[in-house]
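Next up is a structure, given as structure tokens.
For reference, chains read A, B, C and D in written order, and residue numbers begin at 1 within each chain.
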Amino acid sequence: MALIGAELTRVEPGIVEISLRYRSDLAQQHGYLHAGIVTTIADSACGYAAYSLMPPSSEVLSVEFKVNLLRPAKGETFSAIAEVIKAGKTLTVVRADVFAVDREAQREIVATMLGTMICLSR
Amino acid sequence: MALIGAELTRVEPGIVEISLRYRSDLAQQHGYLHAGIVTTIADSACGYAAYSLMPPSSEVLSVEFKVNLLRPAKGETFSAIAEVIKAGKTLTVVRADVFAVDREAQREIVATMLGTMICLSR
Amino acid sequence: MALIGAELTRVEPGIVEISLRYRSDLAQQHGYLHAGIVTTIADSACGYAAYSLMPPSSEVLSVEFKVNLLRPAKGETFSAIAEVIKAGKTLTVVRADVFAVDREAQREIVATMLGTMICLSR
Amino acid sequence: MALIGAELTRVEPGIVEISLRYRSDLAQQHGYLHAGIVTTIADSACGYAAYSLMPPSSEVLSVEFKVNLLRPAKGETFSAIAEVIKAGKTLTVVRADVFAVDREAQREIVATMLGTMICLSR
């Protein structure tokens, strides 16, 4: 997360936003944000959103996720917004949308994720 | 759809609701709606939602979907609400939530789906 | 399972096959096996395959699955073969392929599933 | 792919292997390969496997994928092996397994993917 310059820009119980500034070293051959990076910020947002509802000494891990890549990820900044759909003692199901934001602050959805996170007690 | 008694109870461009009354022959061993039926109404709702945005002479097919089963599907009626996330010329991505509704009209989410539909020209 | 006439035709530790004979009341409008039925036998095979590796007094539930529908499910009989990829104490990951088999016993893959099952101690 | 040091180590029609040497800058906080990197090599292997069966002047894009993270990705090298399940004119469905390989060349599966790729004519 630090490596790619991603930041937690919103944390509420069950809702988390991760923001990322475009950098050319995070792009693929056409200059769009690499799908691996899009997936990484969505997965991280899902993990933090699940974690925000877990007991203090827990650890969160991604069990699995599915992502639909909807459009080329072309923008100045990117925002992954995750929301818990169902929080459980062991498993938490989370959905995230990733938006590309241009210079005029117009945003467009570029990917959507549905994932399952597990709570581990330390 | 007819066989299991499911009905289209809401159709707007990109949004569709399918409703189903509980029947014991649609239940599994514990008396809950069978996961296969939950999945079927979610998938059908996704298909119709995608179809609602396609040109008149198209046909819609499910390419794939992922479903998270969140709780036992225990209720009087069930409602699958699908919403198109991104409509494309060929592929349309749709999300659906399935709710169980009890006698007091309290609803609770029991499943969520994320799927990809394809438009075939006849 | 009984309702639709499906049978467990192979059970080994971590591998299960479910077979189903075509019936017109399980078909959709074009006479192919309904996607909901294809999904149901794949999900059931995944559940049994996971269960075959669990301790005696456990119960198995599907957490989530993703299915790709590859071809119209046209055949005399159908066979869902599931195989455990990773068995865990809590979660087990299973993959299943569904085949359509014609009168000459030629089989063709019609769907593939990847799912997560959970072990509940009774 | 070049950035993270990944290499195409096997290319056959419909089957592709991508190999990656462990590097500490690709690891998460516990020293395991980051899930985003695991996902990226699996997705790339799926893309190349699909591409290996497409007409010469095509382009391949990931429509969607689901990944199950099975174990911590701990190893000296990593290998993502993708195999086409069904190649179509427009859509191709691919499965990939990611293995961690230790110093004694023992390998263990750490992730599995099921994805849908689309063929675009240039």
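We adopt the following convention: a contact is a pair of C-beta atoms (placed from the backbone, for glycine too) under 8 Å apart; a residue touches a chain by one contact, two chains touch by 3 or more.
These numbers come from a predicted model, not from an experiment.
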Interface sides of chain C and chain D: same vs different residues, half threshold: same
Rounded Å distance, chain B centre to chain D centre (Cα mean): 32
Centre-to-centre distance between chain B and chain A (centres being mean Cα positions), rounded to whole Å: 26
Multi-chain contact residues (two or more partners), chain A: 63-64, 66, 68, 93, 116
Overall pattern in which the protein chains touch one another (line/ring/star/complete/other): complete
Chain B - residues contacting chain D, complex: 63-64, 66, 90-91, 93, 116, 118
In the complex, chain B residues that touch chain A: 66, 68, 70-71, 85-86, 93, 95, 97, 109, 112, 114, 116
For the chain D and chain A complex, residues of the former touching the latter: 3, 25, 34-37, 39-40, 43, 61-69
